[in-house]
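Below you'll find a set of structures to go through.
In what follows, subunit A forms one complex with subunit B and a second complex with subunit C.
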Partner chain A sequence: MEYTVEIENLRKEFKGFTLKDVSLRIPKGYIMGLIGPNGAGKTTIIKLIMNLIRKNSGRILVFGKDHIRYEAEIKSRIGFVYDVPPFYEDLKLKSTASAIAPFYPEWNQQLFLKLMDEFELPLDKKLKKLSHGMKMKFSLCLALSHHADLILMDEPTSGLDPVFRQELLERLSHIMLDEEKTVLFSTHITSDLERIADYITLINNGKILFSKALNDVLENWVVIKAEKDLLEKKDIPGIMGYQKTEYGIEILTSDVKKARTLLPSDSITEKASLEDIMYFTNKGDNNA
Partner chain B sequence: MKIIISNASQKPIYFQIAEQIKNQIISGELKEGESLPSIRKLAQELQISVITTKRAYEELEKEGFIDTVGGKGCFVAMQNKELLREKKMKMVEDKLSNAVAEAKLLGVRLEELKEMLTLLYKEDE
Partner chain C sequence: MLKHIRRELIFNQTQLYIFAGYMIIFWIWVDWQDISFRFSLLFLSFVLPLFCAASIQAREERFKAWTLNCSLPTNRKTLILARLVTSWLLIFAALVFGLLFSALFQENPAFLSQFLELKSLLIFLLLSSLFLAFLLPFVIRFGLSGVIIGLVALQILGVITLLLTSMSGNKENILRSFIHSVINAVKFLLNHDPTPAYLLLLLVSAAAINAFNLKFSQFLFLRRDF
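Let's look at the complex of A and B:
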């Protein structure tokens, strides 16, 4: 398999937060979802890939090349989609586009105009007049207009209404028709991802808990619910988190097949959603 | 080709897709040699991940329902209709014998079971 992004032992220390020697590979031609609670390190990873902040140690390759040594070349092939586009607020959208176009050898003005039309974005409006969602769309429109091979999106759906979110997902699945394109998108709204992401990376507290094909996760991870006296967490193979209440216990496991053979007969097994997984793994950390 | 995906279903999405395509091949709605949308096209149409449609096609290919021709796409494989029907009947038989075994465990009588079956059979009509 070819990888668009390869991250090895990436470390970044902030006051009060450390990204702890993270390794991650993003396969070419697929969508990778980066999920985790607020403050887990999602944005840090994306900013490090873009070299907007300096890493302490580790290695990042994008398109097989060092992300700092070949920064300009790499960035001309990346579409960075961010809800606060780093452009002059007082510039009209069409002027913003003409200002950035020269940086991208692949810029396609006709495509840009066509997309602006499709996205219903006003060429003659100033950036500061746009709503949050429209800024996001404008950012995406720019990325698509220079034929970015890697699209990095940091929380693209947060703060967007369902109609916008749906539009974005449609756009993403359209991009994936081209097997040369790769998307990395971070979010804490996991329902957006459950259908469209090929791979999922869960990060919590600066560490990667797993990075896997989403199908594998959704098929093998379950939440087991039982009376609390019937089940001890040590009984369950592959336990990733649990919670106990007055009335029962709920356990997240990544190994449904093994777990099933050990369960008391009146326990309930339910498919784990990404949200369950995020919730329980976060809890497990605190309790264990 | 018709595909309807249920998010509420316990069955994984790739399985739902493979099952529906299979049924359309068995019923003859999809004809031998007919071309199927590419993995990426289908993923886009259904707005699901590429891996999911890929997996569905892989299952179908493994079971001999479709052929992948490099560079040209996926096609409904040449089928032996009788053989297909037999395969399907065998599946029904297996499931029924599971149900019978469970029923026996619970002490359900044959008459009761027949009644249950009749009810279930007519339910969708």
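Let's look at the complex of A and C:
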């Protein structure tokens, strides 16, 4: 399998937070969802890929090349959408685009104008007059106008209304018809990813808990609801987290087949959603 | 490099309009009030770099637009080189504009001829380079808030020095000595005979300061996390 992004033992230390020797590979032609609670390290990974922050150690390859040594070449093939659109607010949209466009050899002005029209973005309006959602649309419009092979999206749907969220996800699905493109989509709104992602990486407290195909996760991860002392009686395989409730215990396991063979008949198993997984691995009474 | 200069000019167009307005007022004042050539030269040597380095860099900080600039297909070294080149283009554009303005409206013909002397232009280049070499790395390292804190600290230092001077009854103090040293240095530069060796020295010094400024600013910018 060909990988668009390969990260090995990436480490970044901040005061009070460390991204701990992260390794991650994003296959070419797929959407990788990066999930985790706020402050887990999702934005840090994206900023490290873009060389906006310096790594302490580790290696990042994008399109098979070192992301610092071939920085300009690599970035010409990347479209980026950040959670806070980083534009000069007192400029018009057309001015911003005209300053950025010459940097991209593959920039397509016709496509840009078409997208602006489709997104109902006014070229002559200043960015400060736009809502957050419209600024995100503009970011996306710029990212798509130069035929980027890799699109990095950091919380692109946060603060967006459901209509545009839907529109954005549909557009991403459409982009992926071209199997050359790869998307890294970080979010804490897990329902967005359940609809479009091919792979999921869960990060918490600067550490990657897993990186798997979404189907594998949704098929094999379950929440078991059982009596309170289940944990003491049985050695449930693949426990990723649990929480005690008023009525019993809820356990998140990544191995549904083995777990079922060991469970008492009155226990209930439910397929775990990404939100369940994020909750149990982060806020459960004892995350694994 | 052209696309970088174009980007800087577009992204800072609001600031350019303000700057152009400011320059028009300055040159009207210089021409109508018959302000001396020496004062104009010194004033411009400090104001133009201040605008170019501090103002443009501060704007980038205000909008957190470094994320955008550093995400473009380029590297940080080129971004700093572009900022320095754009700064010098703006400095020379402002100077040419001012001299044209003076050619049209200045009643004292000596003003323009003094300004257009090679020695004057090289002194302007040297002083601007010095100030730019101080400002650009400082703003990159400490940002707009650093500039404000630095200015406030200088004010406080001045007040404390003046207070200490008045309390001790001694007219001489470090601050006064420093200011006198700077004035004497500038006087020396302006009064020196324009021998070829002296002119070459001015040019080489300005070039060396700019080379140092570029390398040091790039070094600082590479170490920043955004």
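Note that in this section the second predicted complex is superposed on the first by the 274 of 288 C-alpha atoms of A that agree within 3 Å, B and C clash if a C-alpha of one lies under 4 Å from a C-alpha of the other, contacts with A are read in each partner's own complex, and residues count from 1 in each chain.
The rule we apply is simple: a residue touches a chain if its C-beta (ideal position, glycine included) is under 8 Å from a C-beta of that chain, and two chains touch if they have at least 3 such contacts.
In this text the structure is predicted, and so the values were computed from the model without any measurement.
Applying the stated clash criterion after superposition on subunit A shows that subunit B and subunit C can sit side by side. By the touch criterion defined above, A:Asn282 lies against neither subunit B nor subunit C after alignment on the C-alpha atoms of chain A. Residue contacts after overlaying the shared chain place A:Asn108 against neither subunit B nor subunit C. In the overlay built on the shared chain, the residue A:Lys47 is in contact with subunit C alone; subunit B does not reach it. Of the two partner chains placed by the overlay, only subunit C lies in contact with A:Lys75; subunit B stays clear of it.
When the two complexes are overlaid on their common chain A, residue A:Ser95 makes contact with subunit C while staying clear of subunit B.
When the two structures are aligned on the shared chain, A:Asn215 is found in touch with subunit B, with no touch to subunit C. Counted by residues of subunit A touched, the larger count belongs to C, out of subunit B and subunit C. In the superposition on chain A, contact is made by A:Ile196 with subunit B only, not with subunit C. Put simply, subunit B and subunit C get as close as 28 Å, counting only Cα atoms, in the superposed view. Across the superposed pair, subunit B and subunit C touch subunit A at no common residue. On the subunit A side of its complex with subunit B, the touching residues are 29-31, 169-170, 173-174, 176-179, 195-199, 213-215, 218-219, 271. Within the complex, the subunit A residues that touch subunit C are 47, 50-54, 71-76, 78, 80, 82, 84, 86-91, 95-96, 98-100, 102-104.
By the touch criterion stated above, subunit C contacts subunit A in their complex at residues 3, 6-7, 10-11, 13-14, 59, 63-68, 70-75, 78, 223, 225-226.
Residues 7, 10, 12-14, 40-41, 43-44, 47-52, 55 of subunit B are the ones touching subunit A in the complex.
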